[in-house]
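One chain, subunit A, appears in both complexes that follow, with subunit B as partner in the first and subunit C in the second.
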Partner chain A sequence: MNTSTRERGNRRVALLFLAPNFLGFCLFALVPLVLSLAGSFTTWSLRPSVPLQFIGLTNYIQLFQDKNFYFYLYNTGYLMLAMPVSIAGALTLAVLLNQQFQFKRARYQPRLALTAAVIAALGAAGLWLTGSPSLAYLTAALGLVSALGFLFGSVSYRTFFYLPHFTAGAATIILWSQLYNPNFGLINQVLGRFMEQPPGWLTSTKSLLGFLPLPAHFNNGGFGLGAREAIMIMGIWGAIGGNTMLLYLAGLSNIPPDLYEAADIDGASPWQRFWHITFPQLAPTTFFVCIMGVIGGLQGGFEQARLMTEGGPAGTTTTVSYYIYTQGFERLDLGYGSAVAWVLFVLILALTLANWKYGSRRMAD
Partner chain B sequence: MVCSVRIVLGTVFGVLLALTVVAWWLKPAPPRDGKTPLVWVSDNNPERQRQIQAFNELHPDLDLRLDYGNRGLEKIIVQSSSGVGPDLADGYGAQLQTLADAGIAWDVTEAARAGGFDMVSNVWPAVWQEVSYQGRQICYPCNVSANILIYNKNIFDQFGVPYPSADLDWDDFIALAKRVTRVSPSSRDTVYGVTGLDWRFFFESLQGEYFSADGTRLLVAEEPMRIAFQRHQQILFGERITPTSWEMRTMAGQGGWGAGTLNLFASGRFAMMVSAKWVLIRLRVAHQDQMRRLAQWEAAGGKNLSTRPAVLRLGSALLPHAPGRPPSYRVGTRSVIVNARSPRREQAVEFLKFLAGPVYSRLLNEGADSLPGNPAYVDLGVQEGVADLAELEMHRTQVAAMQYGYSLRKSPFLLTSDVERVIHTQVSRMESNPDVPVEQLLADAQEELLRLMQRNLDRAPALKARYRKLTGTADVRAAHGRRQP
Partner chain C sequence: MLIWQELKTFLRHLLMIAVAILMIVPFLWMIGTSFKPHSEVERESLLPEQPQPQNYSIVLRRAPDPYTGKLLDLNFPKWYFNSLFIAAWVTALQVLTSCMAAYAFARIEWKGRDKVFFLYLSTMMIPGLVLMLPNYQIMVALGLVNTYIGLILPAAFSAFGTFLMRQFMLGIPKSYDEAAEMDGANHLQIFLDVILPLARPGMITLTIFTFLGNFQSFFWPLVMIKDDYLRTLPIGLLSFTGQYGPQTELIMAATVMNIVPLIILFIAMQKQLVAGIQLGGVKG
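And now, the complex of A and B:
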């Protein structure tokens, strides 16, 4: 068999392997995409009483006249303010988890683990008996984490921090909505000891930008912690130990150790090592995380709105993605919903291109 | 290396193959003995299996099955539009109109006449508006209920307050609810006077409507709604006799529709509840649980009365009425539609006929659900039930409430679900910021709804022509005497 025949054969096999994926992409992504673009210029509706007609840019014009759209866009942007905190948190955590916890004498590790477990068990039992079951659970959990940490080092912490990602999103969201219960939730039970009026969380339209003179239909409830902040905190909690942390851990393992050795010889402090070596070396990861974060952020907020808040209170947690859903499947207006989706796409594209242009330049610097 | 890659890929392939076999094996069995399969999308209430079994016994040629995993309205619409929808599906209130508007709910008017389950002769008059759309019957009720007042006698006894009577007006009722409300700094000791009392109750007491009789005019900024919003604001922030809807939402901790609220009611967190007889399904379970705990306490030689587990004791009465007006309550249903796109819709109609018959009505009454859709069988199989829960009294109160019942008009020009969503947003706005004037909230709701109505007209020429014929203009704002904002 000559080389060209073998190459042709290999190409055929490669195409055969690619075919299922490509067909799936065409069927479930490309065709719907084209259909939704075409549909956004029509009266496409699930209501038989609405005939399918070409209406040009009407959906887009109505969308830009729809003041709710701007409100939901604002909500989406506001929720994305959590992104820098999530990235910074994930980076910090990754740097911490990248440290090697090593004891000089390995035989002390089980003893320390046992001590931590015993102290936590006694503390939890005491709290349980004094009528604080929630704090007892918390103490027991902390004891378990410490004990496993002493036994297995940073590996166990990496696993613990990544655990939320193994949990079903819906279950996590329901759990958080219970924690945020303004009357009976664990968060306000703790805050209630220090504050006379703990935040209303999911019941409140307040926000940290509530002092701004926003239009009336933005349902601004004033300065404070409200539903949007509740969702942001939940998002930060999930993101800090999530995929971003894993990406940073992978990035950290790729930094050549001789850079740190050189810095040590030059007498660099830990902060200088981080700022002048670690952070610049992680720039490609940060760039990637930022781009994915912006894309995910603009598309985000659907699950939270659907399961936690139904977009409320007063529409303050309705994001653009949830708006697309309500227009398409609650109002049955698929044409209008498609128009919103395409405007969102253009926004994402524009921001990603801007990110690419300015981000990659900074990365090169 | 190549060998290990082959092993990995081969193992993955083998696992996928095995999973395919498992999936094939788990596939629902084909209908037995050439029976026609029918799929009913409903909730997973334990009573459903008894109802399905009774239907299948009456129809040996049909095989009705429950699908509780595809209950969402959006799922039903999308699946049906794609040709894989159920044969029968449950719908509540505004959902029925949405299903009809999406072309999913089949027009069963003729089939109902032929099958002897037409609404005029076989459905409570109070729900005719609910089960029909544009004069055509689109479903048959599984159950029918007008809200009543259900109260916890233990709390009234504890506060030394007399039980509610049948002829209370709003003001008497609010005064009564305040006497059984205790908002404590420790949230666990808090007892609210009432749950389920909101703007809807006041609106319906005034027999309010969202639309004018011909469906062309929106009435959400009119007097009944204004009064309803003001009263809602008053009970939330002035009297504090009920938690806000968001507080309720977060208080409701367990699964099942309303189950969290019912658990809180059963545990004595509310003195009264605006609801219907169907709550007995859940409260029976709570009562059994409380009896078990009481028996354990007694078996343990319990002497400290402060630790004695409370056992629910209920009473019921008609809901209060607006001052100087006769009672008026909105009647709700859970109804079943036949999927217009089902190839088995003719057979599916048999289930609607079954719902109107004595076998189903008896099962419903025995199961302590709401009332049967057919008033002829309202008392069939009704049992004394648990004495503590005053089940028979609740049934009678429910029947008495039906004579004051009504259901809301629908408009072909705007979905009722749109109206309710927009009103809900304004209510939520009011609850989070009581300083916004009610007039402003209603004006904003009206403005948003006019925009949506205009959008509907602009997309459907036939609808637009009809609107023009009725009002003389196709401009919704002009028809409402308003200028473009």
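And now, the complex of A and C:
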């Protein structure tokens, strides 16, 4: 067999292996991509009464004149401000988890675990009997977490931190919408002990940027904690111990130890060690996480809006993705929805490219 | 000096315990509330005075709703089955098609391979939102709206899965295939008997992510399902909150039944998962 027939044979086999995936890929990625671009220049609608007509740039012109689109874009951008917080939090947790959790005297570990478990069990039993089941419950949880922590160290903490991310979905969103309930939600029950008027959360249009002179149709409710902050806090809870933290942990374990040894010889403080060794060494991870965060964040907010707030109050939690959904599946206007989706796509591409350029230059330094 | 170091380790533990408690408090509240009788929901407590485990039987339609005296108007067990069924099919198909495509990209040399692969990679950048509207129209055209197949098929192919499996397969030494080829094995045999067993860690990671992602998937079922009997768990929870909104204890019982299996799955598989995430970079 000469090489060229072998090559051709290989190609045939390869295409056979590729065929099922490639067919699906064409049908559910390439074809829809073309359809949605083409459709955005038409009156494409799910209503049978609307005839399909080519209308040129009408959808796009309408979009750029749509005051609400800028409002929803602002909401999306504002919600993305949770991203730097969760990235910084994930990095902090990763650095903390990367420390030494083993005691020098190994026998301390099972002993401490046992002590924690026994104290917690006794405490929980006592509290239960004296009529405070809630405190007993908390004490028991505390005992379990500390016993596992003393026994297994960072692996066990990592598991607890990752749980919110792993379970994230409709169920946790519904759980949080109950936590924020002004009457019986845990959050305002706790805050109510410290403040006269706890935040209105999901029913409030306030925001931390509420002091800015925003246009009237942004339905600015003033400075405070509102529905957007509620969604951001939930997002931070879900993301802080998630994949970002795991990636940082992997990054930390790849930093050559001699860098730190050299810093020790020079007498560097822990703060200096972090800013001059750890942070620069983790730059590729930070870069990757930021890019993925921007791509995901611009498309985000749909589930929260659909499950928690219906986009309200007064549109303050409507993001671009929820807008596309309402245009497509509530107003049944697929043409306009596609135009919004494509503008978002171009925005994502532009930001990713900018990020890439800026990021690679920074990393080359 | 030694005591000082041990004390520092101890304080580190305390800090991490505090953070861990903060992370799981919502789950503790969820479990506690799911056992409350309706009259106790507004009380400031994590656990009820009179626990009412029947909340679970009510959600599962084994006991009548105390307010109406009738079974709930919702088919929670069926939704559970639907979610598991759809996620299982999607996972099986996606892992299969991804592994096959990855084999073509990683283990066979052919002309144009890198170009086709680049095409795959670039589609990973397209926001799902752009594809959703036309995909729905395609489903309408194929008559697959409101069917199991319509829920399963579009999710059965994944550029991300292909990418992840390719990364795993590239790490397998070429000499394995060559040895098998010497023994007269063809590509199908090499794929099944040599590469797949060696790529198992990757397959496990992809399986968990795909299963989890589809078990929790919200958008696509939301637009595709019209009938109650086809609802998946996330959509079911949404209609649950719509219909029984004030009955928080029941909603929490339903939520517990959604979340707790995931917690168990995670604890069982966490070693493979963490390795997979750190290797593959992202969650699918």
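Here is the rule we use: the second predicted complex is superposed on the first by the 321 of 365 C-alpha atoms of A that agree within 3 Å, B and C clash if a C-alpha of one lies under 4 Å from a C-alpha of the other, contacts with A are read in each partner's own complex, and residues count from 1 in each chain.
We take it that a contact is a pair of C-beta atoms (placed from the backbone, for glycine too) under 8 Å apart; a residue touches a chain by one contact, two chains touch by 3 or more.
Nothing here was measured: the structure is a model prediction, and the numbers come from that model.
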| item | value |
| --- | --- |
| Superposition on subunit A - do subunit B and subunit C clash or fit | clash |
| Touching partner for A:G312 - first (subunit B), second (subunit C), both, neither | first |
| Partner chain in contact with A:P199 - subunit B first, subunit C second, else both or neither | neither |
| Touched partner set for A:L33, first subunit B, second subunit C, both or neither | second |
| Partner chain in contact with A:Q62 - subunit B first, subunit C second, else both or neither | first |
| Subunit B versus subunit C as contact partner of A:N219, first or second or both or neither | first |
| Which of subunit B and subunit C A:S49 touches, first, second, both or neither | first |
| Touching partner for A:Q178 - first (subunit B), second (subunit C), both, neither | both |
| First (subunit B), second (subunit C), both or neither touched by A:I295 | second |
| Which of subunit B and subunit C A:L332 touches, first, second, both or neither | first |
| Touched subunit A residues, subunit B compared with subunit C | C |
| Footprint overlap on subunit A, where subunit B in one structure and subunit C in the other make contact | 46, 177-178, 181, 183-184, 329 |
| In the complex with subunit A, residue positions of subunit B that touch it | 73-74, 77-78, 81, 98, 101-103, 187-188, 190, 243-244, 246-247, 249-251, 253, 412, 415, 417-418, 421, 424-426, 428-429, 431-433, 440, 444, 448, 451-452, 455-456, 458-463 |
| Complex contacts: residues of subunit C adjacent to subunit A | 2, 5-6, 9-10, 12-13, 15-17, 19-21, 23-30, 32-33, 41-49, 96-98, 100-101, 103-105, 108-113, 116, 120, 123, 125-138, 140, 153-154, 156-157, 159, 162, 187, 191, 212, 216, 218-219, 222-223, 233-235, 237-238, 241, 248, 251-252, 255, 258-259, 262-263, 266-267, 270, 274, 277-278, 281-283 |
| Subunit A to subunit B touching residues, read off their complex | 43, 45-51, 53, 55, 58, 62, 66, 68, 177-178, 180-185, 200-206, 216-217, 219, 221-222, 226, 312-315, 326, 329-333, 335-336 |
| In the complex with subunit C, residue positions of subunit A that touch it | 7, 10-11, 13-15, 17-18, 20-25, 27-33, 35-36, 39, 44, 46, 93, 96-97, 99-105, 108, 112, 133-134, 136-138, 141-142, 145-146, 149-150, 154, 157-164, 166-172, 174-179, 181, 183-184, 186, 189, 237, 241, 243, 246-247, 249-250, 288, 292, 295, 298-299, 302-303, 306-307, 321, 324-325, 328-329, 334, 337-338, 341-342, 344-345, 348-349, 352 |
